[in-house]
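The same chain A turns up in both complexes below, where it pairs with chain B and then with chain C.
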Partner chain A sequence: MSVYVASILTNMALISFLALSAYLVLVVGVVSFGQQAFFGVGAYVTATVTSIYGGHAVTGVFIGMLSGAACALVLAILTARLSGLYFAISTLCFAELCRLGLLQVRAPFNIDGRTTGPDGPEGFSNIRWIFEHNYSVQDFLVLTTVCLVALLGLLFLLERSRIMLRARLVGQDSILAQSLGLRPILYRIVFVTLSGGVAGFGGGLFALFNTYIEPNMFGVMLGVHGLAYAVIGGLGAPIGPLIGVAIDIGLLESIRAISAYRMIAFGGLVALLLILLPQGLISPRFVERMRRWRKLFHA
Partner chain B sequence: MDFVQTNIDGLLAGSAYALLALGFSLVFGIMRQINLAYGSSLLVGAALAVWLEPILGLGVVGLFLLTVVACVLAGLYVERLCFAPNRGKTGATVPMIASFAIWMQLDEVSSHLLPSRTHNFPGLEIPPMFFGDLYLRGDQIVQFVVAFTSIAALYYLIYKTRFGLLLRATAGNAETAFLLGAPTGRLRLMTFLLAGLLGGISTFLILSADGQVTPLFGLWSTFKGLIAMMIGGVGSLPGAVIGGLLLGLIEAHSSTQFGAEYRDITTFGILFLILIIRPGGIMGVSAYQTGRLAQERI
Partner chain C sequence: MLDIAGISKSFGGSQVLNGVSLHLRAGDRLGLTGSNGSGKSTLVNIVTGYIEADAGRVTLDTVDLTNRPAWKIARAGIRRSFQSARMLQSATMRHQFRVEMNTTTQGLAAIDAAGLSPYLDHFPSEVPLPILRKAEVVRALVTEPKVLFLDEPSAGFTSEELIEFADFLNAHLSRSTALVLVEHRIDLMRRVATGIKQIGSARSLEDLEFEHA
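And then the complex of A and B:
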């Protein structure tokens, strides 16, 4: 597999983490424009752990995931009484504050004759863990795919649990959920925190793979793309957001001839798709129908 | 004296934000939907005008008319593609994502219309005025006056005409208004056209004061309009005006106090605090307390 194909596939896998984190927030019925903040925090923390403190990548990504989740927990508690538009805009504010804050952090380090560490708009360069440990692009693709498949496995297990069933009820009708004795806000805090962890994990891998990150990579465009993938893919199953990613990056990036007109085509396609299938490709109704077919053949 | 100058600069810049916020507030107030493609429909309107103007050779007045017409047409396109087909079928998330997709599309269209990064946008070339130590840019005074004339005209339209009554009825309760015979579909379309009209006017004013149009204008105007609307209070028209002026003042003061790089941090920080402490914004509290907006999911 050529390096070019491998790097496109790795980027698809990395953005899938962001799409899955947007999916987890959408499941509980709120929209977040701020998932890129957790992605960025995960990336910066992982970069700091591996290239400044010389930690192992696994440690780095793990701490990155925890810090993404911690940020998300703080945000979820602060915005507990907001809903709908107010929640969406407050996540946007939070993410922009994170990005603008990172732009002001200037703490360059000199490690083994190379400049590393966060340096404001210049970014965080020389994240050399995968070079130092001789990981090729293809190896990293395998690693990322394994992580993504493991995450999908966990999400499928979660999908079969009662927690997810209740979270979906909260997402569809929070008043009904309340009348059945559930506390919607608790589910929202838990799912937003989970989504922060997923995004932070993806961000950590992103930092290792890119070897260079800067705050402006984690602008609102990144987050809204993740959100759009989740909505196009549908909220029926965790595989939905991945299909959204595959449609955009896989299909359109690979057709080089139309790359200059890519967004014209993609934007129009998404708008038309949402007219035809407002709930996305893998909608909850579609998943329910598939389950009925499966029952038919089992019985 | 510097303090007064900063206030004046802030208010002059804020008048443009107020117009942008009114466009958002109209759409949100009447349809309960967020049009993320608003800024980029204004960008594509400006790009079309700048692209067509040398071909037609109409001068500044022609450019103004072209900008307004192109912005209205772009608004029509967004409404027909993102909002009209999804009405009633889904919540507000799906049209919002559709409008985001159209945002990307219109940004790409404008970058094809304007291949280089910046393009000249002919200004009004009005000489500046001096009052003692105070410095007032002529085109910004025009911007302020036109903005407030438009706001007054909008006020008249919304609160004094039959059309405005129908609009307010639809904003209050769309189903009841429909049952009582209000043509809600056409009214929603008209809302978009009205937002496009206001947006076209503010686009021309902002770009002629800047003297240039860049591809970043779309994101910029979406952000400024959205932030000004949220500060003032969602869906409230007086709130949008107050929010716009306040945003201008906040930006002017924070950039003189802390420097330009802290301007956006201050703005987002204040908005975040407002959302947490007083989610309805400054004017929107009563609307928030009715609980309807609070329960509505997007």
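And then the complex of A and C:
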């Protein structure tokens, strides 16, 4: 596999973490325009742990994940009383606050003759863990894919549990959920926190892979794309957001002839899909129908 | 058990409820009626935590539930249905009950009696209304609630469906549950209720004479 193809696939896998984090928030019935913040926090923390403190990548990504989750938890608690639209605006503000905050952080370090560490708009360069440990792009693709598959496995387990059913109920009909004794805020806080962890994890891998990060990589457009993947993919199963990623990056960005028009094509596609399939490609109903058919085949 | 004392509520300038008091014991079957806009649903919404009362108290077994959040009241054992049958629309009927319990255990008999068995793999929108209404009751009953409020469950029923629904309630309500049936249809109340009260012009509850079926 060529380095070019491997890096495209790795980028697809990395942005899938962001799409899955947007998915987890959408399940509980709110929209977040701020998932890129948790992705960025995960990236910066992982970069700090591995490049400045010389930590192992696993430690770095793990702490990156926890940092993303911690930020999300704080945001979820602060916004606990806000309804849909106001929650969405708050997440956007929070993400911009993080990005603008990171632009002000200038703490360059000189390690082994190389400048690393956060340096405001100049970014965080020389995140060299994968070079130092001789990981090729192809190796990193395998690593990222394994992580993504593991995450999907966990999400499928969650999907089969009563927790997910209740979260969906909270997301779709909060009035009914309350009458059944479910506390909507609790589900929102838990799922937003989980989403922060997923985004932070993906961000950590992103930092390792990219070897250079800067605050403006984690702008609104990144979050909007992650959200769009989850929306067009649908809320029926975690595979939905991945299909969204595959359509945008796999199809539109990678085909040279249309890559210049990617934003137009993707925007148009999102609009079209929302008109034709407002529930997304893999909607909850679609998943149930598949289950029904599968049962018919087995019967 | 459930004690509702002096509940008052006004919206804007109009007094909807004025000192409504009601006491329910386990096994009570109360019909609650009144003309449109008389405040029946408002009373249910206040007791179940969806609207805050201006004055008055709601206590269940000495626990003060006045103006508590709806989910807390539901956990305390006061369950309700809504005027339009509310279900998780994206899930099949089987999963509606999974929110509360395992369908493999105690709920199976009630689900079967409700006529739900052929619809377990159907979405709520594909299930006939009378069965959906029974499903709502089943969903509440499996939690063994202390009080169950049904808000106009017979809306849209034919006479036969209404009799069937009444029989279903009589067969499956346990003696430990108090039922409040918010209804316009006196025929349903006559089959199920042991007493009927109405919200009258004084904006409070008054007894209504009725002949038991």
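What we mean here is this: the second predicted complex is superposed on the first by the 299 of 299 C-alpha atoms of A that agree within 3 Å, B and C clash if a C-alpha of one lies under 4 Å from a C-alpha of the other, contacts with A are read in each partner's own complex, and residues count from 1 in each chain.
What we mean here is this: a contact is a pair of C-beta atoms (placed from the backbone, for glycine too) under 8 Å apart; a residue touches a chain by one contact, two chains touch by 3 or more.
Since the model is a prediction, treat every value here as computed from it, not as a measurement.
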First (chain B), second (chain C), both or neither touched by A:Ser283: second
Partner chain in contact with A:Ile175 - chain B first, chain C second, else both or neither: both
Touching partner for A:Arg183 - first (chain B), second (chain C), both, neither: second
Which of chain B and chain C A:Arg106 touches, first, second, both or neither: neither
Contacts of A:Lys295 with chain B and chain C, given as first, second, both or neither: second
Partner chain in contact with A:Arg114 - chain B first, chain C second, else both or neither: neither
Which partner, chain B or chain C, touches more chain A residues: B
Chain B versus chain C as contact partner of A:Arg162, first or second or both or neither: second
Touched partner set for A:His56, first chain B, second chain C, both or neither: neither
Chain B/chain C common contact set on chain A: 175
List of chain B residues in touch with chain A within their complex: 28, 34, 36, 81-82, 85-86, 89-90, 92-98, 100-109, 112, 219, 226, 230, 234, 261-262, 264-265, 268-269, 271-272, 275-276, 279, 293-298
Residues of chain C that touch chain A when the two form their complex: 48-50, 69-71, 74-75, 79-80, 82, 86-92, 95, 98-100, 121, 123, 139, 143
Chain B contact footprint on chain A (complex, rising order): 26, 29-31, 78-79, 81-86, 88-90, 93-94, 96-97, 100-101, 103-104, 174-175, 220, 224, 227-228, 231-232, 260-264, 266-271, 274-275, 278-279
For the chain A and chain C complex, residues of the former touching the latter: 162, 165-166, 168-169, 172-173, 175-184, 236, 283-285, 288, 292, 295
